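Before anything else, here is the set of structures, which you'll find just below.
Both complexes shown next keep chain A, but they swap its partner, so chain B is in the first and chain C is in the second.
Entry: the complex of A and B
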């Protein structure tokens, strides 16, 4: 196979793949700015920011965000603590127990979230009953149950993140601290914890995000404290509005912002480290110049562009008034509707005419037989012709006018009593 | 006190050791093992109003499991064909989603793992960003695309390819696309991690010896990446069989997912033991299926989750 063909097909594949991955998010974000009441991209009506205003007036969404933050904070504390303890235990557990222990603490990742939610609910309900507490005790509180249920599996994620860093820890550092007279708690706080800080930070972020977006477990345990995800799910299931797109757009924008920020920071650290290696002592003594933040740092440039774009959009949003456009669209819709009504009216009119013609024909055929010499009988001969024209051609106005003289010419000349008289 | 515990406390100090031990015990026993056992126990009990729990009627019974197989007692049918069909459909669909994801993600993971450069980091970022967006919102995004007046239908009807809008939701295409979409990352990262550590010289050597590209993958890359592939497949299978949000939002009105039946038992029918029994059936079947697949493809349990 040709190498360049292979390369091309890889790029095409990548393009399709990322279109599948990112396309839905882009489309969803775009629908947040369309004034159509149903979230859609086409037909585009008006650029509007009304859905954001609607979003911030929605009490249920705001309440959901509040509950999500409380539950997220609780989950971060509990699962990072349990994850760290689990990771420490894993490094020093009795070797024969190690495989079993590892299986147990990794299992919650694979257990379906639905099952975790149910088991948490059932278990704490039973404990609650055994202790003889009522239905409004702490143990059956939605926030408590949700934190417990989510921590069950989020702690496993935290443990995996933490154990990766813990494996690089030199236990001799703790031993040295102990030899120098530190207590175990001091050695933990002053030696191990600072070493683990980056991993703890990423575990905490991971735990918060996992808690914030969890649905499967929370849907069984939330009780009277619906989180943002629960509220969203209920809204999406029973009718969707662009206000949800607006929320999604905010989340997408925040995510992109923090991802770029993180990337820019990492890149900068790399660049600084590379510069240090090459630089002489004098250069190091000098200040780091500000533009170097951008030099060779794509992410930083993108970040600035992104920030400027955000400010522009927010600026336009406050100044921009889409009322005129919305009114135009409404007017256009009204015109379209009117046109449709007129078409309908026309159709009805036609049908009515047809029916009348038919009735007239039938009505004429019966009296025509006893009095064949009647003039009105001949006049009705033309009716079938005009009926035929109606069936063949949609707009009946022109053929009728065209046919009428021709019909007069064809038959009228022969049957006209005057012409007969004239023949005499 | 056994030697292991004594050594543990010597190493960590009494206070620290006790804290660690208590946290780990709370997690493993209080949060993982006991709730699962409690659910298992609960699934064998009849559905009783709270005052009767612990009373003479509260005995072990198989009726919740019998209900899944035979349907309600005195029912017109021999088997509970509705629930059983949903159950098997869920499993088969989860397998299909897993295979689809594997085929879709393997080339990407291979490409990311074997090529070097700055753009790889940007690709990685683009992979992670969708995963940070709420699960519900991702399903919602797909619903905008696949809806009757959605983007796809507008395009295809506009181009004149179809005369009438195609109902993606009723035909479950939206559901499968949504499930596949949700777990792409979980398939890519384990495979990527393994392939990244594969020495490129091995591929070069195979190429020098005259192997065509498909044989290089079949004989060199895939055997090497087997642990990654199996953990990716395990995660995607378990999560899509246990998914609830995507089927609720993207599923057609006539086709249910097994987790939706569990949800109904808990929230609509208020029959917790029945729901717990269904959950146990789902969990045990999925675990057995994964173990059987691992036996079939000769993968060790220890390789998973690395």
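Entry: the complex of A and C
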């Protein structure tokens, strides 16, 4: 009883936790497929892929993505190189200054990105002037400044990742390589680098993601090369469209894809290692019978399911034409609007009749009496025509509107209540 | 068998700050020898090895390999190969790639390397294991791969830094004979570091006994065991019963030592200390447990000790009697099992005797810690 309650509450907690974590992403992704012009999930209008098309036609977004990729690549190279150098320094050189050195090299992570951005800009501007270069030199180039600025703190992240791996490195391996005749460069390339490869890959991914999503520092340094985050921020200022949701969906999908790919690869390595343990010498020398790709590899199965789903969605998107649905929705909206107008007109008609009846009762004795009841007791303040309308004008307008329901006029029948049924 | 290339250490000093790790070492290692440095941990033997392999520059003195001074020559340029205490096999390379790493560095083709690796794998009795990873091998197999990797570099001198210390007893004993065999087959100089006197005695042509950075004695195993130069060498190599006292009389190569509680005892002065002991000097006398025997009743003299038996144990090949003398100092006696019946002496007072040539006298000095 007690145990089951505990278990239940754990599940509830987990559900809430994941809803909190993933809910916004799910909702944003869903809005990318809704034809509503504002990103929202309800009311659901039509399944559409138009926002993706719109996204890929937006030159500013595409340019932003291109700049982000260039800057990301530059930052990865620079940060991983600096991070590796820093990590080697920390673990293998200067044992006495280690604590101090660590503090210094970690500091950029603790400094606000805004400060790093401004200081990068000021510093390199200074250098640029000292060297007597113009405003169009490499040193004041947006890409250069952004890569340098981002790398100041991303290199520290990389270093932390690399240090963790480097601490497990046995320095005797380098010594063994030297002892066997390798130069220092050969020992580094053939022994240390292969050992560090997994950590370097992690650091590179981390550096790229950190660079891709950076705003604080980039906002000061981008110059004429706005990155994706900068472009998005500028766009959102003028209102948000589901095209941004579409972009978010693509990023989420790519993340899930690569996460699954990585997981599948790791699991595969595990399985191969296990198979090697069991293999005999002959099998190792010849062809090892390795387990098939999917056996016992949940992530690989998910990956394939995910890939198939993606292909299906893309295929559907190219073949699918939501024009009819969108037209229907538009029609329905117009009808709803029309209905509302009709209702208002009816109300107004009734008011007019009431008023006329009252006036008839009272006779011509009080012809100049204003119509207080008209404006106060009724809800027709929202009527499109009520603003600025005088009693007389409204009276003049009625004959016109009276015709509308009867004659189809210039509206082509779309306002005809019957067309609603017909359309369905 | 080639004569091999020798190694000489001349007035070698190695200091780390104020700490002296190696103090004025002078060693002459003949080409093709199996030479061991034997000493407790922290005595500086690994430091000497690192100086020979080139990872450490001596503070003073010279390392000569094949008569050539190695000053300023890096580890990758020296004709030495080092087998590390933890083996340091490259974890990401297959066994055959590990073995032929030295060839890869020189740019030898993969086909040739593979061929050489298979030859060496046959030699170390691991045929066909080349495609495994080091982590997939057992401790003894890894050991042999490390040896093959070092031999593949065709060094003139192979340096081994306690390579057997991580193995279990059975494997260690097996690897001892195997190492010795390999050394005799390839005929190069082996310099072996160990704190295990059994390893040093069974494998080595010559042994240097080290204590706190100082080399106490360099000699072959028999000499070190039977004719130690210092109190430390006597107490570190093998079991020994020690008697302290002052020199009462010196007559030629023999000496009479006045011990406090066991009376005056006669001993032979060890070869290295001939003429160095004088009357009144502090001295130590060492008698091996197997050199003592139970005397017949009523015997006395300068080679007899009266003791009380504390307890006895039967070890199979020997019968050990743990006794204490009048001062409470423990004396161990090991009687070889030759099929005789052993009397139980526990609690009795007996007399032990030894032959004077089996008791070694050296000047008083530091003993090895138990």
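Worth pointing out:
Note that the second predicted complex is superposed on the first by the 324 of 424 C-alpha atoms of A that agree within 3 Å, B and C clash if a C-alpha of one lies under 4 Å from a C-alpha of the other, contacts with A are read in each partner's own complex, and residues count from 1 in each chain.
Please note the rule applied: contacts are C-beta pairs under 8 Å (C-beta built on N, C-alpha and C of every residue); 3 or more make two chains touch, one makes a residue touch a chain.
None of the values given here were measured: they were computed from a predicted structure.
Residue contacts after overlaying the shared chain place A:133 against neither chain B nor chain C.
Judged by the touch definition given at the top, the superposed model places A:190 against chain C, while chain B stays out of reach.
Looking at the shared chain after the overlay, A:276 reaches chain C, while chain B stays out of its contact range. Of the two partner chains placed by superposition, only chain B is touched by A:92; chain C is not.
By the touch criterion stated above, A:123 is placed in contact with chain B alone, chain C being left untouched. By the touch criterion stated above, A:360 is placed in contact with neither chain B nor chain C. Contacts of A:176 after superposition: chain C is touched, whereas chain B is not reached.
In the superposition on chain A, the chain among chain B and chain C reaching more residues of chain A is B. On chain A, the patch touched by chain B and the patch touched by chain C overlap at residues 183.
Those residues of chain C whose C-beta lies close enough to touch chain A in the complex are 53-55, 74-77, 80-82, 84, 86, 88-92, 101-102, 104-106, 128-133, 136, 149-150, 153.
Taken together, the chain A residues at the contact with chain B in this complex read 1, 6, 10, 13-14, 17-18, 20-25, 27-28, 31, 38-42, 81-82, 85-86, 88-89, 92, 94, 99, 101, 103-116, 118-124, 126, 129, 148, 151-152, 155, 160, 183-185, 188, 209, 212-216, 219-220, 228-229, 232-233, 236-237, 240, 244-245, 247-248, 251-252, 255-256, 259, 263, 298. The residues of chain B lying in touch with chain A in their complex are 4, 8, 11-17, 19-21, 23-24, 26-28, 31-36, 38-39, 42, 50, 53, 104, 107-108, 111, 118, 121-123, 125-130, 132-145, 147, 149-151, 154, 158, 181, 184, 213, 234-235, 238-239, 241-245, 248-249, 259, 262-263, 266, 272, 275-276, 279, 282-283, 286, 301-302, 305. Of all residues in chain A, those touching chain C in their complex are 170, 172-173, 175-183, 186, 190-191, 194-195, 276-277, 281-282, 284-285.
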